[in-house]
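Once you scroll down, you'll see the structures, which are given as structure tokens.
Same chain, two partners: chain A is paired with chain B first, then with chain C.
So, the complex of A and B:
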């Protein structure tokens, strides 16, 4: 089930998989998945989200708020964009999900 | 997307995207056609200098890091360098002869270095041919044993073969062996002179017909793509010139550098002129200020004019390497090797 079509648990935290490496190239990003070898090219906003996910395990609400502040967009719009991108990252097995504080991560 | 968008930006903004570290020229094999100049002198980079270099490169957003040699795993700090590189988030590729890739080192690689790809040299499809080129008896059996274990342990491997007069009759068998091992075969070439100008290796250049066979084989084996986006090749080498850029024979000077064991920063592993030395300057200073990269690029553009838009060829191989030409000239005077 896609996160963008449901209301994810507000306690659920996401973080970038340690199987994913990334670099900034100007205002875009390149993500490389070490397991499946796949490459993703992402835009500036997505690169910002990737960096946030790499920095800490974070909820959808926290991410949306952070994106809203950084890019001066309204919070509902930021939340939609965050959910869509998290869906993409989950499809690519590029994020881990932590259901609640201290729980072991699961891929995707 | 990666080629069209990212590589374009890398080139336009002169970002250092791809770095090759030649960690050592020592090797546990003795390949007949090895291009390295083992007599090259210098002061080896310390682990401390490698750490500074890798931190600088991470800050510069370099993505790809190739560890090669000689045999890179013989470097006394190979695993420390690999571990630091992994912690700093590089996509690491290791080019090895596989001789040291035993079960213990494979486990260490997985846990400490976590490479994206291992590239292993394959010289033939049987011991007689492979060992003739490596000049080490038993090297084929050992390589196959190590490759099987590496694959079963989960390392992504490819095999790389340089066609020669000694193995050209086994081109198809080598490709099949790569498939069987789960390490698909890639061909490279032509056989090059040694970097010191010794042209002895050229005596085993394969026939031009062999390159035609390889072309047909590669074409027949190429997968038919149905989607493009996330299946982009990770090879940062730019193989096609397009748009407003002037045609060049290769991407030298544009996206990457090679650093020899003594800290010399080169535009290509065979073009030995140094843009600067890491004992005296940072990689950032060298990349941003040395005129060598612009000169190397111009040389590649000038070389391309000889071909007048036709496909590049050198000794029958479908490419043209400035350095092969230059290193040949050290022994051959000004004799031209390329045939447009």
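So, the complex of A and C:
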């Protein structure tokens, strides 16, 4: 399995970039990055994560717990899914990272 | 806002574009004649003369050429005017023109298109580029969207083959013409919801093959037969995609509005409705595939959707 580049124990908070818009279509999601024009199609779980990231700045642990509850998957599995998807979003410059509460975000 | 400080003259043309009546005012006689010549089949006839304008555009006179370097307007090797939104106002700057229009929900849309030399206004690099952007925004309000696509007529239905540059749109259009089919455009078409169904419209914008379908009678729109995401491939393949993949694929082909946050909700509403009405097929086409083989594969795929 591919290793995530996101530190699973970090207290970094992530949030969806304000340059990214998304829409649920059927049971998938379509994300658009307004600056680079990239378009992504994501599954139901990833769409849920995107919504969480849009709602608030959130840590890996909080995201994993939320996914675990919403989709009734065990916590370690949810954590892996979250980490891998965060890597993907980071690669697409679709999330901002906040090192600690109140800090200005940095892209990716 | 339509307030160009100096106009070229007092002549007017009324262009009846799909879903959009455009009045261009303040033209010189020469500009008027050039536009009428170029857009002959889109001039509003008597039956539409009383229709209110959706867009009123003033033809303005710039004091001097803009003088920007051409590199400023090159994207992926192709000429592309710059578009900038400031609130409800959209400004477009090209190599030799400056245009703007207001998107504040009021009708008619107030616009200006200004050039420094009289003969520049009717050139495709100016008026056509301006109208493309204007139309892309305006038709969203009317339940339509411009789509980069080759539009091919088959059994009186329009099939739109959407794809990025170099996906094979023009090649497919050439094959269709060689096989005796009519082509709306090999570059850009308008798809819109009307009277309970989606229709594809011809628009007066040129692709590599030039303006097509000028000889087609009627209103210039046709029932939408199918939507295709066109790709080059080593062999002919036709696979239905999920609604989200369909929306994503078509979204990349909606020029001028797909990077505009304000237009995103309307565009996504439209595309979502479109793909649920007309499922999208991903079509891989090899160089040697004939039009007959391509359309047969597409229709077979639709039978199984």
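Just so we're on the same page, the second predicted complex is superposed on the first by the 101 of 108 C-alpha atoms of A that agree within 3 Å, B and C clash if a C-alpha of one lies under 4 Å from a C-alpha of the other, contacts with A are read in each partner's own complex, and residues count from 1 in each chain.
The rule is short, and it goes like this: a contact is a pair of C-beta atoms (placed from the backbone, for glycine too) under 8 Å apart; a residue touches a chain by one contact, two chains touch by 3 or more.
Since the model is a prediction, treat every value here as computed from it, not as a measurement.
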item	value
Joint occupancy of chain A by chain B and chain C, clash or fit	clash
Chain B versus chain C as contact partner of A:14, first or second or both or neither	neither
Which superposed partner A:48 touches (first chain B, second chain C, both, neither)	neither
Which of chain B and chain C A:92 touches, first, second, both or neither	first
Which of chain B and chain C A:34 touches, first, second, both or neither	both
Intersection of the chain A residues that touch chain B with those that touch chain C	21, 23, 25-26, 28, 30, 32, 34, 37, 39-41
Complex contacts: residues of chain C adjacent to chain A	242-245, 247-248, 251-252, 258-261, 264, 268, 272, 275
Touch list for chain B against partner chain A, complex	1-2, 5-6, 9-10, 13, 15, 17, 61-63, 89-91, 114, 116, 156, 230-232, 234
Complex contact set, residues of chain A against chain B	21-26, 28, 30, 32, 34, 37-41, 92
Touching residues (chain side chain A, partner chain C) in the complex	21, 23, 25-26, 28-30, 32, 34-35, 37, 39-41
